[in-house]
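Please find the structures below.
Shared between the two complexes below is chain A, which pairs with chain B and chain C, respectively.
Let's turn to the complex of A and B:
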């Protein structure tokens, strides 16, 4: 009788051991699965942000407000008219409500700038709308988790006098095709 | 004492204990296979389509912008600055200068360079290093004269590091026809 009890105890111990190992395996599997899900979620978020950056860049490249046009014929590829850029800057400066009423629907939270590399180095910010939060004391803080920047090299056509935003003169030529790039930063 | 019953399967006597152990082994094999499939899924993940699209778009836009750009040129004994377009003026002049048996004369010896090819190479090196170089991308820009089956190099700007890269995209060919010389093809590769 005593011998039988010991055997039953041993078998119970064995069963408990097997169940313990089984649950440890289940636990490892669950940890692995949740970690995998977390990484997939982060990847998906990054992918969506990258997609948003791409969409905003394409919208900017084909924005009639800054694109190089040639009368009635089709617009020039990968070309930004600096005269239009300066005019857009001026209009947005004088009418800030255009930013919230119209351009925010196009670009959402983003920073868009045009940088000239040749003949001189200069940069124009054409849209700036960073995601910010406000503390109780009224001070602002950046409320975005991720930022994705996309660059596109463009030709910069200038049919005016080459006057910058602070009225400094760059060069004296009437029409110049410069070299620069468009930077689009989107936030999430 | 424990006894295990035996069963006749395909003419063999197999005990129930052996069957139970076989099931255990099969479960372990299935688990290992699933684990390896998960690992393979991670390891063989393809490059995101967005990355390829961006690199291709960047290569094309860079090449298109480079070709339309006007470079400042000051010729010897001249005080005025000329604005010369890369594609229609400088590349054409370079092709005429490097054409075999041309005598080697260049109409635009700008900014102290003896010919437009050297001037173009120096300027393009600067422009590309200020854009693609700053964004930590490797690149190769090349322009060649295609004459039948032979090719002659006109301009080559290489950042290095593009040679063995598998992640590489091209702007596509930008051909121009230069009279008395032939076809001049330019291409830009961007790698990561």
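Let's turn to the complex of A and C:
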């Protein structure tokens, strides 16, 4: 009788052992799966951010607000009109709600700037909307995890002798065409 | 006694197996359910992301027609919606697109997109045209599919019909001279009749036999006025055409200076008058911001022409900008800004005055160019 009891106990232990190992395997599988999912998710986020940077750059290059127009003709490709850039800066300064209510829908969290390399080194920020958080004491901190920057070489046209520019380098200088680059930084 | 214990062990084993089995089964069912939800959400998200990218790319590819393979979405119905508030102003516009019956949707607060209300098919067609008033305001995007058929009737020999025929190569479109050439709906998702001379689309008139009783919203029509200055939307209700634009025709706001007026072409692809007006209100909002930018640029332009030196201080240049009373850029832009404010606040029907002012601006800019002055745009 004792022998039978022991046999039943052994069988029970065996069953519990099998189930235990089964669950351990499931646990390992789950850990592996979720880790894999996490990595895929991060890769996907990076991919999306890169896509977003490309889209934003594309939208900026074709933005009627800053593109070099030529009357009724087609606009000049990859060319930015500095007269319009300065006007846009001024309009956004005077109406900050355009930034939050309108252009945010177009660019989301991003910084967009135009830098002139030749003949004068100068930079213009045309859109600035960084993802920020606020501490209890009211101070702000950067709340983004990733940042993707893209650069695009552009021609810069300024037919107005830098009028409206607070930079001595521009005064009375006939800079019709210069070159520089467009910087688009997107955040996630 | 031993027998009883054996029986107890056996029963315990069965109960244990049953409980453990159920738990394992529930565990896997839980995982499957979770995965199903995750997959659906992932698909929804992917669709919206891909669509966003397609639309962004299409919008900036000025004057290009793109054929996008969407066979991966076959079986899904895409919807495009743009609703105006009661007043018709810009502030309360709600626009979105997505997949019908799922959570996959994305808002379109500022993109102008003329499309049918719903769409299915293996190939999506996007066509982008710049809206110029007279400077470029933005690119308007027309979206359709190869499973939507367009019949163009009337206007034979007209420039518009000819331009439309040249521009829409690859579309499911047929240019017909008689209503009898229309065939049955068949596998098509939607049929639109574009009437260029008012011979077919008449309120209460009979729908061609082949299209009658095709189902609600399947057959629609757009009647283009003879001067290309207005449109009327129709839908087939049973075997009769029903005019949708009860409040009157929808005026097309365009300068008439360009070969392809985006606002007119957009009207051919918009689902109805509300969708058309709603999207145009988004264009007018952008227009108002651009006018402010140009007003600001005008100040710099005036300062530039006030400078001493060769070529900079021509009297005629200054005249076109601000000196001449009544007809100068400063006053025109100011009037335009005022008209656009009214338009954005009160709705599409209050935007009509924008058109003559845009034409005036075009003339002044041309004058600047003719006198070798720096142009505004």
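Here, the second predicted complex is superposed on the first by the 143 of 188 C-alpha atoms of A that agree within 3 Å, B and C clash if a C-alpha of one lies under 4 Å from a C-alpha of the other, contacts with A are read in each partner's own complex, and residues count from 1 in each chain.
The rule we apply is simple: a residue touches a chain if its C-beta (ideal position, glycine included) is under 8 Å from a C-beta of that chain, and two chains touch if they have at least 3 such contacts.
Being a predicted model, the structure only gives us computed values, none of them experimental.
In the superposed model, A:20 makes contact with neither chain B nor chain C.
Looking at the shared chain after the overlay, A:176 reaches chain B, while chain C stays out of its contact range.
Contacts of A:34 after superposition on the shared chain: neither chain B nor chain C is touched. Within the superposed three-chain arrangement, the count of touched residues of chain A is higher for C, of the candidates chain B and chain C.
In the superposition on chain A, contact of A:51 is made with both chain B and chain C. Within chain A, the residues touching chain B in one complex and chain C in the other are 51.
On the chain A side of its complex with chain C, the touching residues are 1, 4-5, 8, 11-12, 15, 19, 22, 26, 48, 51, 55, 58-59, 61-62, 64-65, 67, 69, 71-72, 74-75, 83-84, 86-88, 90-91, 95, 98, 102, 105-106, 159-161, 163-164, 172. Taken in their complex, chain A has these residues touching chain B: 25, 32, 36, 47, 50-51, 54, 77-79, 117-119, 150-155, 173, 176-181.
Those residues of chain C lying in contact with chain A across their complex are 1-2, 5-6, 9, 13, 16-17, 20, 24, 27, 49, 52-53, 56-57, 59-60, 62, 109-110, 132, 134-139, 257-258, 285-286, 289-290, 292-294, 296-297, 299-301, 303-304, 307, 312, 362, 365-366, 369, 374-375, 377. Chain B meets chain A in the complex at residues 31, 38, 48, 50, 53-54, 57-58, 60-62, 64-66, 68-72, 83, 85, 127, 130-132, 135.
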